[in-house]
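Below, chain A partners chain B and then partners chain C, in two separate complexes.
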Partner chain A sequence: MPDLGTTSGGVAPRHIQRTGLGLQALAGLALVALPVGLLGTLILWPTVRMVTATFLIDGNLSSDRYFAFFNDTYTMANLRYTLEMGLVSALAALALSFGIALYLRFSAGRIATLIHGLSLFPLFVPSIIISYALVRFLGPNGLFQLLLEQVGFTHYRTPYLTPVGPFLAFVWENIPLPVLVLSAGLSQVSDHAVEAARDLGAKAPRILFEILLPQMRRSLLIAFALIFMGIIGAFTVPYMLGPPAPEMMSVFMQRTLGNLHDPEAAQVQAVVLMVISSIVGGFYIATMVKSSEVVR
Partner chain B sequence: MKRTPFGGLILLVSMGLAMLGPIVTVILWAFAVKWRYPHLLPTEWGLKYWFAMFGRETVITPILTSLALTSIATTTAALICWPAAYAFARLKFPGRQLLLFSFIAAQAVPKFALFVSIAVIFLKLGLVGNFWGVVVVQMLSAVLFMIWIPTAAFRGIPPALEEAAFDLGASRLRVFVLITLPQAMPALAASYVLAFVSILFEVDSALLIGAPTITTMPLLLMSLSAQIIVQEAAVLCVLIWVPCAVLLLLSRRFMTARGIAQGFGA
Partner chain C sequence: MLSRRQFLATSAAAATLVSTRVSAADIKTLQVYIDGDTNISDWWNNILKPAFEAANPGHTFNVTITRGVADGNRTIAERALAALEAKADPQVDYFEEIEPAAVAGSVEAGLWLETSEANVANLKMINPAAIQTPIRMPYRGSQVLIAYDSAKVANPPKTFAELVAWAKANPGRFTYGRPDKGGSGSNFVIRAIHEGNGKDPAAFTKDNFDAAKAEEMLQNGWAILKDLHPFTFGEGTYPAGNTPALQLLAQGAVDMIPAWSDQALQGIKTGVLPETVKVVQLQDLALCGGFAYSAIPSNATDLEGALALANFMLSPETQTSCVRDIGGFPGISWDNLPADLKAEYIDVIPVSIPTFPSGDWQTAKNDGWYKNVATNIVRD
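Then we have the complex of A and B:
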């Protein structure tokens, strides 16, 4: 827009418009100042301070704490367990959700509606509730074991306090998000493309791998990133269902800080987790921004 | 791709068992007076443990603490976030996209690790165990819902309506109160419910910043779940979860893929 404000005469409306814009900008900044300030004081500042603190020993720059972290066998076992749990649970949740979304895409009727509803049910159940409920359902002498014994299976071994416990809880919690994302994606794949492929003799697996999966790639990656980040940072589920060792990173951090009273070590653990999460998160944000769905 | 109805039925039954089984177990326990192995169902039913729970101060206090904490945090967050959401949706100001973007970026920060960094600061300031310290930190969980859902809602209102009112000489405030606000109300209410429930059940910050001085309802649930008497935790679960699930169900329309991605994912 050319700046006509310098010429005198007949520019009153523009002056008003310019003042209006200035006011609008001020008002806008004033309105967003508080929540942005909250992010600044409670996310940015503590994070920057923590990262700096982990590199300072008695005022000197040092990476000794990180050497200690990466040389400690137990710590590394915990980190590895956390990442494996994230990877395996996220992939299992995605595979199951993809199956459910496929079923929903190609079927209709009351059964499909019920399955859709059931797949969204975890949205209404907070972590702490499902963790406790799974202890009671899958734990020793729980309802699941009782049901199995009703049909004659008596060799049930509970996953409670083994890595399978948190795995099942993570999969349970992470069904709705990919079902929603993938259903939305699959509904955009035209029936014609699928029918054409079928007419040409393509079998179901081929249609899956050559038509459906390529079109779902982005949705799958975004869903994977979100689920993975959620799992590696989770506390409640592994705290209530997991084995005492190895520990997932959040449980480990809580114990390091709360029971061992070692804030230095806890901060290093937190920074490592943040770095890993931000690599995955950076990828997620890049994908979101590229698709320009969110920031317009 | 074609599946027989039989296949669908198997999927339905196994999903029903997996999705509802755990919650059904808890509901059964809450109303069971006696349920011993190997009985499939409780052998004696009743409200015995409900009455037992309500008579105890160690149970009532955390529930009241949680309700006060959650109400204050959610309402304060709403008061600061809703106007900001309006600004993000309707006003032009420098840095608007970057600032809006910072609310997505905040999602990628693992919460528990973040709370460790805050807890260390609070330890030094003597704020650990302080009610208001917990309120401020729990507001973080609300900000995400309270910025995203309302921003999308304000954007979704056709500007033509507001412009028509402007043309007829209405002031910005009048237009906002009479036209914009009523249309955004359902989304604002939904964001309030989602934020309220997520704060009410939040464990991480309560544990790192509130405990042991401040016991919230989820922390009580955690300690009860380790007790020998199963029913107490089950009663608390049913008591707290059922009203929340109903509220969430009412705001279901706003739990879209994107909303969940933003709110629940990370």
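Then we have the complex of A and C:
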């Protein structure tokens, strides 16, 4: 913070500069006051209340509800399934979008523009539409199966209502965001570095692993954190496309609250999921802070 | 003599007065809440609304759909209960479907308006198969049937045992929905539980729930369903609701499912289901069904309008529409409906409608199904 003043140029006398900064800082605080206040009253405060409530049984402090959660095999199977789904889908989406971002970084022209547009398209499609579309396309006797049968392949087994269903939808849904993040990251890798490596005879894999990937670590982490958190909290896709059991935590939570009328258990499930999200979110914030320090 | 300008000004003012009076005072809008499936909310909006407006000039209603939002109409009833305590506007005049007893404390607090022939004349025609209480009015019914594609199934099963035998002989061609996601799957699971407990629906009552005994009784049902599990579509990938199950039947992915009578009949009529789809009821013990009960909150701002709506809903005209347009059973007895209508639907008119208690039994059934049947857990 202290060396911010020097960047605004040394022409103005010092005392004027200081008052200017004070006003600026005040204006800045005033600007963030509203969102921070909203965040506090609408998100943080209810969260604190809810977390406290999960530890209170008839007014006494107790962690029994958490014991029940971690000792129930069915619940743990749901949690494991949720994390696995998040991990596998996020990695797959990341790999695909890294490929797309790489292509876009080093190509130009109409096809590149078209691919760029296509890769961002899922951003504008709500997940309920994706889910319905996949039911019709990949479902039993859906278009995909009919096409396969036209070319003589008759052993198609639909991924609808199996874990593969939500996996495909998650990958589809989560391509645009990492493409944006990774494209931004790749644009910071200088052409000179790549060209210099090429001149020295480095092949594509070597450029990828020794020039691009090390510089992309941060962008990859950020993209991973964003989509992983989105997936483990997703509801529509696993509800519509997934198997009955194991259930993803959001679907399980809704059923616990709405069908089993057990709000306390649902809150515990929410807290556990929130803690996991916060850990990943922590990575995200740490990475962001580091990268902004580097820029400075 | 009025000048032209004065004339224009006065008539404009008069017109404003008249128009506001017509729109604000003469048309009363009732707030109706529905958490049923699309067929029900569409029926209310597209068919009942114009008919109600024509029959009751100056009255109309606005439908709010609460399907799948929080706890549906129960949440709205809880809000109305809070409004009753706070003496505020409940913002609801009519619940298309609600179980007053399921809204904790509402009956004791007097949230529900008592209805009888005195304030809703058509209640005198009520269907004897429905259970009417002073605070809820049965107005449409449906029952789960077995829907099958007659092009693929020549001899539809007549008993539960025959159904299981058919499913095992035709692996992957039968499925049912998850019990918590829709009544068709739920009532099939209940039928299996009945099968495992001497086909006696009376063994399950609202007051006889006991966790240990229930576990034992439900296990008899789980055994049957676990046995059926590998032979269902996708070896146990039960669709998530009434509509997804019907979709599988419509796409030809399965040949037989349990389905709500109204949804199946309406689907066949509108061409959503192939015309070869037929419905049949099991003869040894029917699948469950029941009536939808409407109720009026006693603190509704337009009680008079709500009572008029209740009477309209139970009129022979609306009830005929219930049978013709949504394939439902009438809430009033068949004797009050046209004779040809009865003849047309004779096959699906229920002789008996078994029921299963709500509350603890439902919860134990739904959660038990997930933990015993859907997970593929082999318990030894």
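Please note the rule applied: the second predicted complex is superposed on the first by the 248 of 296 C-alpha atoms of A that agree within 3 Å, B and C clash if a C-alpha of one lies under 4 Å from a C-alpha of the other, contacts with A are read in each partner's own complex, and residues count from 1 in each chain.
Following the convention adopted for this analysis, contacts are C-beta pairs under 8 Å (C-beta built on N, C-alpha and C of every residue); 3 or more make two chains touch, one makes a residue touch a chain.
All of these numbers come straight from a predicted model, not from anything done at the bench.
Once both complexes are superposed on chain A, the partners chain B and chain C clash.
With both structures placed on the common chain, the touch criterion links A:L91 to neither chain B nor chain C. By the document's definition of touching, of the two partners only chain B reaches A:T47; chain C does not.
By the touch criterion defined above, A:A245 reaches chain C but does not reach chain B.
Residue contacts after overlaying the shared chain place A:N259 against chain C, while chain B stays out of touching range.
Contact with both chain B and chain C is seen for A:V135 once the two complexes are overlaid on the shared chain. Of the two partner chains, chain C is the only one touched by A:T158; chain B is not. Once chain A of one complex is fitted onto chain A of the other, the partner contacts of A:W172 are limited to chain B, with no touch recorded for chain C. Within the superposed three-chain model, A:A204 lies in touch with chain B and out of touch with chain C [touch as defined at top]. More residues of chain A lie in touch with B than with the remaining chain of the pair chain B and chain C.
Listed for chain B are the stretches 7-15, 97-105, 205-213 or 241-249, of which 205-213 clashes with chain C, judged after superposition on chain A.
Counting contacts by the rule stated earlier, residues 135, 141-142, 239-240, 258 of chain A appear in both its interface with chain B and its interface with chain C.
Of all residues in chain A, those touching chain B in their complex are 21, 24-29, 31-32, 34-36, 38-39, 42-43, 46-47, 49-50, 53, 100, 102-103, 106-107, 111-112, 114-115, 118-130, 132-138, 141-144, 146-147, 149-150, 172, 175-177, 180-181, 184, 194, 198, 204, 207, 222, 226-227, 229-230, 232-236, 239-240, 249-250, 253-254, 257-258, 263, 266-267, 269-271, 273-274, 277-278, 280-282, 284-285, 288-289, 293-296. Residues 1-3, 5, 8-9, 11-12, 15-26, 28-29, 37-40, 80-81, 83-84, 86-88, 91-97, 99-114, 116-121, 123, 136-137, 139-140, 143, 146-147, 155, 197-198, 201, 203-204, 207-208, 211, 218, 221-222, 225, 230, 233-234, 237, 241, 244-245, 248-249, 255-258, 260-261, 264-266 of chain B touch chain A in their complex. Of all residues in chain A, those touching chain C in their complex are 74, 77, 135, 139-142, 157-158, 160-162, 239-240, 243-247, 255, 258-261.
By the touch rule above, chain C contacts chain A in their complex via residues 70-71, 178, 180, 233-234, 236-240, 244, 247-248, 251-253, 363, 366-367, 370-371, 374-376.
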